[in-house]
Amino acid sequence: MNVFAKKVLGVAIGVAILGTAIGLYVSVWATSFPATVAATPVSAAAGGGTSLTLQTVGAAGKSVSPGHPDWVSYLIKSNGKWIHSTIYQVPANSIVHVTIYQYDSASGLRNPYFSQVQGTVGDDMTVDGKTVDAISPEAPAHTFAIPELGVYVPLEGVDEKEEESNFCEEAPCEPKYNHRVVTFSFRTGKPGRYRWQCFVPCGAGTINGNGGPMQTLGYMDGFIDVV
Amino acid sequence: MSSSQAVGPGGLGGEPNHLRRFLTLWIVSSIIALPLVIIFIGPLLGPASGNSVETSGEITDIKVLVGVATPIILLVMTYLLYALMYFRQEKGSTLEGPAIRGNAKVQMLWIVITSCLVLSVAGYGTVVLESENGDGSGSGPNPLTSPSGPKIPVQVIAQQWLFTYRYPTYGGVETTSLVLPVGKEIEFQVTSLDVIHSFWAFQIGVKADANPGIDNIAYSKPTREMTFEVHCAELCGIWHGAMHNEARVVSDAAFESWIAKQQTMLAPATKVLPTYSKSYIPEPSRRAE
Amino acid sequence: MMVPPVPAGHQIPPEPPDVAARQLAVAARLLCGASTFFFLAFLFAYIYLRSLNQDGMWRPPHEHPNQAWGAVFIACIVLSALTAIVSGRRMKAKSASWLPAVIGALVLAIVAVIAQCIEYTVQNFGPTDGAYASVFCAWSAFYLIAILFTMFWFETQIATELRARRSPAPANEGDVKEPDRLIAPGLDAAVFLWTFMAGIGIVTYVTLYLA
Amino acid sequence: MSATDAQAPLAASAAPDLRPVWRKLIGFNLLTAVILGVGGYYLGWFIGHQISTSSFAYEKATDENDVALLLAYAFGVIGFLVGLGFANYPVERLLGRPASLREKESHGISRYFGLCTDHKVVGVQYLVGIGLFLFVGAVNAMMIRAELLHDTPTIVGPNQYLTLVGVHGTMMMGIMTSGVLGPFANYFVPLMIGARRMAFPRIEALTFWLLMAAGFILASTVFFGGFPTGWTGYEPLNDQAVMGMDSYIMFFALVGISMVLLGLNMMATIITLRAPGLTWSRLPIFVWATFATAVLMVLAAPMLIATLLMSALDRSISTSFYVTGGGGSSYLFQNLFWFFGHPEVYILALPGFGIVLELIPVFVRKPLWGYRLAISGMLGVSLMSFFVWQHHLIVSGINADLRPFYMLSTEIISVPTGFIFICFMGTLWRGRMSLTVPMWFCLAWAFNFLIGGTSGVVLSDDATDTQLHGSFFVMAHFHYTIVGGLIFSFFAAIYYWVPKMVGLQFNEKLAKWHFWLMFVSFNSTFLPLFALGIMGMPRRVSQYEPHLVGLNTWVSISAFVLGFSMLIFLANVVYSMIFARIPAEANPWNSKSLEWQVPTPVPVNNFEQIPVIDADPYDYGTPVALGAGAAAPAGA
C-alpha cells in the first residue's frame, strides 16, 4: 500500500467520522420531536369536527418517560392507547372537542387571571358534567392554553384528602383512579403551528415551578398543528 | 532593495499629489452619498416615524447617526479603494515603500476630530434621551423625567410565556390583548412574575425589560390608529419566540367601549386578581414544592 | 540574516540569573490582581444585595455568624501574614532562621482555615437562608480555598529546604543547585501573595462579620 | 511555579523511543488521561448522588441532579489533567524535589498528544484544538440558519433551537478568547521577543488542556437536555434550566481559569524574557496587542469565574444570589456578567488589531505608521472596556440615571479604536502593497470592522438602542466585529504564520477562492441582519413574523455559502499539508520581524544565542535588517 493511498484512506476515514458525528447530532438529537397525533374525527350526528382525548398525570412514570419518571405530563389517546406526545394535528376552520382526564392534584396558579375559562365555545367548560366559566385560582392542577387562539382552560385538581386513598402514581392512568373529567370545545382558524402550554407552576423542584416539564416538549408544552 | 524614488518625501519623485486627489474623491462621494442615504435609507430605519412621539424621536436620532456615520464609512472605503488602485507593488518588483513612521499633525487632527464627533454624538443622544423622557426605553421605577399632563397607566405583566396587561385606572382589569387610546400619554409599568422578559412594542418605539419584583416604567404617546405585534426581546425559555401578541391603537371612543366590554366579560377573573401593586412575587417564589 | 540552528548537545549559555526570580515576582503580583477581581465579585454581591434588600430577604434578624471563631480566624490570618513577612526578611538577610518563621506562618494559616470550618458548624444559619447567608458561605469558603493554594506555595519552599538539608539535591541538568537561590525567589513571591491575600482576608472579615 | 538556571534542550537530544507500543501506552499520556477522566466523571457522579439524595429534596421531584453533574465534571477534569501528568510536578515540589523546567519530552508526533512544555508544540496543539471547536460552533450556526428558513419551529425543536444558539454562542465566545493568543501568541511571542520559552511552560500547556476539557464538557450538554439561555446565561432562567445548564457553567468557568493563566503567562513572558535591546518601544505591535489582551484576561476573567460559581451554587445547593424570592437579584447577574462580558469582546477584538497591524507593514514594505498611537489605542481600549458594561442594561430599568454616563463612555471607547484605523490607513499610504492572501484578509478586516464599529456607535446611543437592543441588529453588529474583525484576522494569521509553524506552503489558488467566497458570503449574510433588526426581529427566536421569511431565507442561503467557504479552507489544509507538502521558505514574505529570521522548522531552543535587538521590526524602506548587530552572549 503506497503512501498516497494511505493518505487518501486516512482523509476518507476522518471525513467519515466527522460526517457520522454530525449526522447523529442532527438526526438523533436536534431534529427529534414527539410523534404528531391527529385528532379523531367526530360524526356529524355528534356535532362534527374532531376530538382530542387527553390526560394529565402527576408523574409520567418509567414506562412512559424513562428519563424523567417524576415529571408531570400530558398524554393523548390515539385509537385506544395512551401516547406520550403533545403535538396534535387538527383541521383548519373546524370545531375541536377536547376531553381531559385530570389525575393530578392542585398546585394553584401564579397568575389568577387564568382561572377564568376563555376562548372556548360559550366561554365555558364542563367539570365532571357541571358547566362552569371559572374556578378558584388555588384549584387548578394545570391549564390547557393556546395563547395564539385565545384558548385558556384551567384544569381543576383532584381533592387532597381523596388523594392519599387512591391517587394515580404513574401514567397511563386508569379511570379507576380518582380524577376529574373536563370537556370543552374550541374553533380553529387559519392553518399554522400554534404552541400550547400550561400556566400552572407544576414543574416541582424548579424555580417558580416553571422549569423541567414546563419547558420540555412532550410534557407541559406542545403544538397544535392546524392544517 | 529600495528605490530612491520610493523613499523620497511625500509628493515628490514624480508621484501625483495623492492627498489632494483622495480628499476630492472622498468629499465628492460624501456630498453625493449623504442626501441619498438620508432620503432613501433614512425612512427604512425603523417603524414609520408617525406612529408615536417616541418613534419619531428614535427615527430622527438614527437618521442623525447614520448621517454622521456615512462620511466616516466613505472615508475609509474610498481610501481602501484608492490604496488598492495606486499604492500597489508592480508585478514582480520588490520595491520598498517610503519609510514614513508617522505624522504628528495628521494624528493630532484625527484624534481631535474623532473625539469631537463622538462627544457631540453622545451629547446629542443624551439630550434626545432625557428630553423625550427616556424615549420609550425602560427607565426604572422612578424615571428621571416624566411627561407632564395626565397619563394612562398600563401594567405589563410578563410571565412564561405571555404578556398580560392590567389597566389599574379601569378597575384593575387584566387582559391578554393590548389596546391603547390614540393621542394619550401611556405609562407602561413593566414587571415580571418569573424570569427576565423584555416588552418590545416595536411600532410605538417602546422597549423595557421585565424583571421579577421590579417596576420598570416606559412612556409612549401613540399618534395614530394601527395594529401591530408586541414581542418579547429577552430570551426567556422554550416559548420565547412564541411570546408575542397583537396590540391595537384605537380611537378614544373605541377604547372606552372595548375596556367596558372587558370589564364585564372578565369580571370573574378580575374578582380573584391580587390588588394592583407595582410588582408581584407570587408563590412559589423559589423552588416549587 | 539567519539565526543558525542549535547543533545537538550544544551547551546553551545560561539565562540571566534573575529571570526566574522576576517571573515569580510578576506572577505573584498578577495573581493578586486576579484574586482581587475574583473577590470583588462577592463584595459587589454583598453591597448590591444588601442595598436592594429584596422584600426583606437580605438578612433575617436571627442570622449571626459566631464572632468568637471569626475573631480566631482573622487573628490567625494576620499573625500568619506577619510571620511570613518576617521570614521573608530573614531570607533576604541570609539568616537560616527564615525556616521556623515560614513554618509558623503555614501552621497559623491552617489553623485559620480550621477555625472558619468550625465556625460553619456552630453558626445559626445555612447557605440557603437568604442573600446574606449565601454571600457569607460562598465568599468565606472560596477564601479558604485561596488560603490553601497560597499555603501550597509555602509548603514547597519548606519541603525543598528540608530535603536540601537532609541530602543535597541530585544534580540533574537543568536543576537549580544552591538551596537559597532555589528558594529565595519562590519565598519572596509567596510572601507577597500571602500578605495581599491576608489583606483580602481582612476585607472579608470586616464585611461578613462586622458590617 | 518553576525556577531554573539553564535551558536544557527539550526534545532535541532525546533519543528515539524504541519501546514496544503497549509499553508506550502505559504512563502519563492522553490515553491515561481519557481513562482517568471518565473514571473521575463516574466517581463524581456517584459521590454526588450519595450527597444529594440525602440532602436535597427537590432533586427527586426534578430528576435533575445538579450536584452530581457538577461534581462529575470537576472530578472528570481533575482525572484528565492528572492522567496527562499535570499533577506530577506539583507533587514533586510538595515533596521538596528541586525546581525544573523540564518535562518528559518525547520525540516526533506523539508529543502533540500530551503534556509538552515546548511553546511551539503548544501553539500547534492550540491551532488544531481550536479549529476543532470552531468547526463544532460553525455546524451549530448552520443548523440555526436551517431552522430560520421557516417562521415556526419546523426542523429542530424549540428546546434544541435554544441549545443550538447557546452552544454556538458559548463555544465561539469561549474558545475564541484563546483563538489568537493560544496558537499564535504562544508560538510567536517568544520568537518575536528573542526568548527560548514562555515564562511558565507547564501553565502554558495547562491552559490548552483545560480549554480542550472545557470544549468537550460544553458539547456534552446535549446529553443533559441542553440549555436555554444563550451565551449570556441570564438568571433566573439559568437557575430554572435542566442539567445541561451545568455544562455551560462548567465550560465557562474552566475557560475563565484557562484565560487567567494564559494572560498571566503572557504578561510574565513579555515582561521578563525580552532579549537584550528589545525595549518596550521596539516591541512588535502584535506583542503589544497580546499584552493588552492579557491584561483584560487576568482582570476580567476572575469576575466570570466568581459569577458562574454563584450560579452553580444557586442551582446545586439552593443559595439565593440571583433568586428574587430568596433575597437575590437578577440584576446582580447582569452586572457581574457584563463586567466580564464587555472586556470579553475586546479580548476577542484586540488580537485582531495586533495581527493586522503586524502584517500590513510586511506587505506594503513600509514601517508601521504611528506605532505609539497604535499602542495607546490598544491600551486605551483595554482600559476603557471596564467602564462601559451597563450599556448592555439600558432598557433593564437599572440605574436609568446613569445611562448618559455609559452612553458617553461607550462613545469614547470608539476613539482609541479609531487610532487603529488611522494607523492602518497611514501604513497603506504610498506603500508598495502586494496583494497576497494574508493582505486580502487584512483589507477585509478593515472593511468589516469599519461596519461593525460604526454600527456599534449607532447602538451606543440609547434612544436608538431602545429599538435595536436585543434585536438582530445587535447580532449583526457583533458578528461584524467578531467574525469580521477576529476571524478574518485569524485567517490572515493562519495564511501568514502557519507556513512557519509547519514548514509547508498553502495552495494559493484555493486560498484566494476561500477568501473571496468567505468575504462576499459573510457580507451578504450579515448586512441583511441589520435590516432584519431594524424591521423588528428579536434575537434567539425560532418563530418570527411571516413577512420576514424572504430576508431570512436569503440570509440562510448566504450562511450556507459561508459554511462552504470554510470547507474550501479545510480542503486547502488537507491538500497542502497532507498531499502536496511543498516546503515553505524560512522567510517567504521577506519580513524583517525576528520570528522569520530563525530557520524552518524552528529549532527546539529557538536561538543558539539570544540576539541583541538594535531596531524595531518595522524598518522597511531602509535596507537595515533587524538583529543584524553582533549577537552577544545571552545574559550579558
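Chains here go by letter, A, B, C and D, matching the order in which they are written, and residues are numbered from 1 within each.
The criterion applied here is as follows: contacts are C-beta pairs under 8 Å (C-beta built on N, C-alpha and C of every residue); 3 or more make two chains touch, one makes a residue touch a chain.
Bear in mind the structure is a predicted one, so any value in this text is a computation, not a measurement.
Chain D has the C-alpha centroid lying closest to the overall centroid of all protein C-alpha atoms shown.
Among the remaining chains, A is positioned farthest from chain C, on the basis of C-alpha centroids. Set side by side, B-C and A-B show the greater C-beta contact count at A-B. A straight line joining the Cα centres of chain B and chain C is 47 Å long.
Computed centre separation for the pair chain A/chain D is 42 angstrom, with centres defined by C-alpha atoms.
Chain centres here are Cα means. That of chain C falls 29 Å from that of chain D. For chain C, the set of residues that touch two or more other chains comprises 54-55. With touch defined as above, residues shared between interfaces to two or more other chains in chain B number as follows: 194-195, 213, 237-239, 242, 281, 284-287. Multi-chain contact residues of chain D (touching two or more other chains) are listed as 58, 153, 158-159, 228, 236, 240, 318, 320, 323-326, 331. Checking each pair of chains for touch leaves A-B, A-D, B-C, B-D, C-D. On the side of chain C, the complex with chain B involves touching residues 54-55. Considering their complex, residues 1-9, 12-13, 90, 93-102, 196, 199-200, 260, 263-264, 267-268, 271-273, 298-303, 305-307, 309-310, 313-314, 317-321, 324-329, 331-332, 335-336, 586, 597-599, 603-609, 611, 625, 627-628, 631, 633-635 of chain D touch chain C. Across the complex, chain D meets chain A through its residues 57-64, 135, 139, 143, 152-160, 164, 222, 225, 228, 236, 239-242, 323, 325, 574, 578-579. Taken together, the chain C residues at the contact with chain D in this complex read 1-6, 8-10, 12-17, 19-24, 26-27, 30-31, 33-42, 44-45, 48-49, 52-59, 127-128, 130-135, 137-138, 142, 152-153, 155-156, 158-164, 169-170, 172-177, 182, 185-186, 189.
Residues 107-108, 110-116, 118, 123, 133-134, 136-137, 147-148, 150, 152, 195, 197, 199, 201-210, 214-217, 221 of chain A touch chain B in their complex.
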